[in-house]
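Two complexes, one shared chain (chain A), two partners (chain B, chain C).
Entry: the complex of A and B
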């Protein structure tokens, strides 16, 4: 069995699937990074992903264009995130509660809307929705092993990893990023030098919604080709864990997201070895808790050393 | 103080009206028979006695999860594992109900106690990760939901399934373990009495014991609690363990009172409902049964609306989210509160002036 497992891990299809599975988690985790850096915890990522996943399917089917579907998915993601912002910043709802409310909407509201649009409750069978294209990268695709691993992914998968770079540039190389970090670290200090704290928080939430929206769109227009109820299955929450373990740094968060992608891909393959499906499905979540614990323990040690 | 209460009531009513207005807009857009739909949603649940029993019956599990959330939120612990612990508590109770023969009544008690203890033990994971390592209880409790679900479904599928049945479900519970019905010819069990009794107990615990006091202090001002000698870490663990205990108990009572076999293969959603009603009750255990009744009434209305008209029952989640958002919004109608306070102060001043004037006249 161990040999089998090693055989699987070092196969091209397995490594390929890691990138595919990591994509939605990475989008959502980057969304969590931007929000967290501006001092707003966006726990509504799960709901935003669900809403965007459905939006993408509906609009791509009605307009017969995957790109327009993606555009509307991003738009709805931004609007939903701004709604969290409105309640949290303007009406002073606890931001965690505002996020929970959005998750409720994502859970039941999507079924409601899907039923109205297609007459289905379980999944969007009646909607002829489109899928984002996969891309073969010239030259790279002809290189033996690397080609099979790195070429032929969905365009959104590539974009997710490009977003790591974009988020890094935004946070560390632009005035806006400086403001976001300032607001997150010390809102009073930022305020005192004339930064509009709420405006920055709204912007960060909006960007976070756009990223989570792309993650949602990937779920229904790439990872799968239709919308299922509950299809994100906690990825928005896993993304929060990935962000926490990645210390809200874009690159670190990418690495932890990949780690979750690896665990998930491994779990999928362990099923083919005849292990019970439920226990296999459980492993990424167990892994997350263990990872969180290890990360927390390591920071605790570091802080203690600093004190000494 | 009384003004504050009056304001809270007005604001709550405004939130509910707003949510119903949103629902109305949706209904008028999508339905061919909007008035019938509205009638079923709002008046429908009161038209038959049978519906009242249904409302009370659906209240039971969410009272337990709501109480659990109250206790944890009062200490500012955003533990969201009510969902998973309720599910797992139900499964454990079912296992004891099937495989451990015992005399009547005692059997029910043992089922509930074991389920509560196991669920409470599960809550130790996020609680200890928080106090020992400083990991966010929110993220780990969310993960715990999925872990408990998968573990539970695994146990059901591989160790408890009755293979003679078409769908995946456990064997029949022994009759000694089933919670008897309270109202004949309905599904309303004695569980509702247990739920109300637990409400009283939790209220007493929170407002009449030193542990309850410690929990509230930690929530209001952790530093103050620490310097006044309250063991903060212990209190944080305690409130989450109690939260797990309550939702595990809710799972047991629900499963033994409503079903004859264990059939859940998804998280039933009562944990999230518990968060909603805890917000409606402002984290005060005394108000939990009322909030649960209200949620359950809305659910019944939505179900009737789906049965008799063309509006899907998932409308509930939209209404629920809107109420939730406005109820939790501290600044919602704050200008109105400002006016109330100013008005009150002016009246007081006027009174004092009048009194002063009188005294002056007497002198």
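Entry: the complex of A and C
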């Protein structure tokens, strides 16, 4: 069985599937990174993804353009994230509660809106929605093994990994990033030097909503070709774990997201080898617990060193 | 301005919560126009008579599943159109957060006492109904796809193992045939929702039917772990294609749509479940409709109509379970659309097998039998 498993892990389709599975998690995890660095915990990622997944399907069907669908999905993601900001920053509700409210909105509200728009309730059977194209990368696709692994993904999969770079540049190479980090680390200090703390937090939440929105759009317009109720199925929460394990660093978060993608892909294959489903379903969560334990141990060590 | 915006947002939130509560079927309560002229009222059994029965349909999910709940709703609608009942549907939502509502709604409707009959279904409701039925012994209930042993409840279950046997027979003959999209390897796949008795009952019949048709056929069984993660459904089906499956049966609710997507992309055959999925896909997803060869049906609505007939003529047995199989129209295969593409020998085999399963000449095991070793069966046929 171990030999079989190793054979599967080193197969091209397996590695290819890791990138596909990782994509929605990575988008949402990057969304969590930006929000977290600005000191606003965006727990509503799951809800934003659901709302954007539906928005993308509706607008791509009505406007007959996948790109316009994506644009509106991002827009709604931003608006929903800003709504969390409005509740938390302006009306001073607990941001966790605001996030939970958005998650509930994403759950029940999407069914409600889908029914209003198309008469569907379970899945968007009546909406002729579009999907984002898959891309074959010229030269690369002809390289034997690499081509099959790296070429032919959905355009949003490539963009998710490009976003890792973009978020890194934003956080570490731009004045805005400096302000975001300053606000996140010490809002009072940032305020004292004239940074508008709430403005930065709104911007961070907006960016976070845009990224989660793309993750949602990928679910219904790339991964699948339709919207299904509850289709994000907890990926927004897995993303929060990936962000925590990745210490809110873009690159670290990418690696932990890939780890989740790997664990998920592995779980899918382990079942067909006859391992019990309950055991296999635990795999991604075992990775989380182990990862968090390693993280906790390393911070503890670091802190101890600091004290010495 | 700010005030209005916050009021607007609050209103939006309230709307969402209400969307989950349902009650959107106000039209269903209207009394039917045609005057009911029901024959033979033997007066013996409690809630029967020439007046239409007042029925409450409790849905522990949402309508629009294109499957179970919709089928039940359609059955009740037909009964109402025929003047047999008037009904009202209560949609309660499917998630964990909605579960307290299932309990409270069932309790309120029972306490209300104005309904002659309360209909609910799925194994998720059996414990809830069991408590409720004991608390309100004068209220009558139907539960479908689950069993409740209370003297005021009539349970309706479906022989999904018989259905599985038919589907397994067809799938095994397909993978050994020379149809298009079929590879030389004799491997078929089963994407289940959860590793539980109802899904495993489908599986038991599926494996036994397939093995009876051709003992060399291997069955790759995997579970999504829920009924809504379409992405996982797709990944699992992809893995099955790598394992050389060329026919996949998706028995996983919405997650089954993911398996259908994978089947369309990899150009293999998909078999639907619970409703005519080819018809559903054909609206806007022609590639998925094209690979859906047929669907295995669990006709919940017909089951309820069947039981209502028994209630009307007084032959219903409260406290008992009625099992509906192929002969009663409880389960069966769709015969339209792509079904015509099946080679004649497969159609003939299905026609031969169905009466034998009904008559008991072919005995199909059931996963509800505690002593039955489903794990052993599942592992013995893995590719």
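To be clear about the criterion, the second predicted complex is superposed on the first by the 302 of 308 C-alpha atoms of A that agree within 3 Å, B and C clash if a C-alpha of one lies under 4 Å from a C-alpha of the other, contacts with A are read in each partner's own complex, and residues count from 1 in each chain.
By definition in this document, a residue touches a chain if its C-beta (ideal position, glycine included) is under 8 Å from a C-beta of that chain, and two chains touch if they have at least 3 such contacts.
Computed from a prediction, not measured in an experiment: that's the story for all the values here.
Superimposing the complexes on chain A yields a three-chain arrangement in which chain B and chain C clash. In the overlay built on the shared chain, the residue A:21 is in contact with chain C alone; chain B does not reach it. Using the contact criterion defined above for the overlaid structures, shared-chain residue A:107 touches chain B and also reaches chain C. Look at A:241: by the touch rule set out above, it reaches chain B but stays clear of chain C. When the shared chain is aligned, chain C comes close enough to touch A:268, but chain B does not.
In the overlay built on the shared chain, the residue A:208 is in contact with neither chain B nor chain C. In the overlay built on the shared chain, the residue A:256 is in contact with neither chain B nor chain C. Of the two partner chains, chain B is the only one touched by A:289; chain C is not.
In the superposed model, A:281 lies in contact with both chain B and chain C.
In the superposed pair of complexes, A:299 makes contact with chain B only, with no contact to chain C. Working note: chain B versus chain C after chain A overlay, options 111-119, 309-317 or 327-335, clashing stretch identified as 309-317.
Across the superposed pair, chain B and chain C both touch chain A at residues 87, 90-91, 101, 104-105, 107-109, 111-112, 115, 121, 233, 276, 278, 281. Chain contact summary for the complex, chain C toward chain A: residues 2, 5-6, 9, 12-13, 15-17, 19-20, 62-67, 93-95, 97, 195, 220, 222-223, 225-226, 228-232, 234-236, 238-240, 242-243, 254, 257-258, 261, 280-281, 283-285, 375, 379, 382-383. Listed in rising order, the residues of chain A touching chain B in the complex are 43, 87, 90-94, 96-98, 100-105, 107-109, 111-112, 115-116, 121, 233-234, 237-238, 240-241, 244, 276, 278-279, 281-282, 285-286, 288-289, 292-293, 295-297, 299-300. Those residues of chain B whose C-beta lies close enough to touch chain A in the complex are 30, 78, 80, 125, 129, 133-136, 138-140, 142-147, 150-151, 153-154, 157-158, 272, 275-276, 279, 312, 314-318, 320-321, 324-326, 328-332. Residues 11, 13, 17, 20-21, 24, 83, 86-87, 90-91, 101, 104-105, 107-109, 111-112, 115, 120-129, 219, 223-226, 228-231, 233, 235, 264-265, 268-269, 271-274, 276-278, 281 of chain A are the ones touching chain C in the complex.
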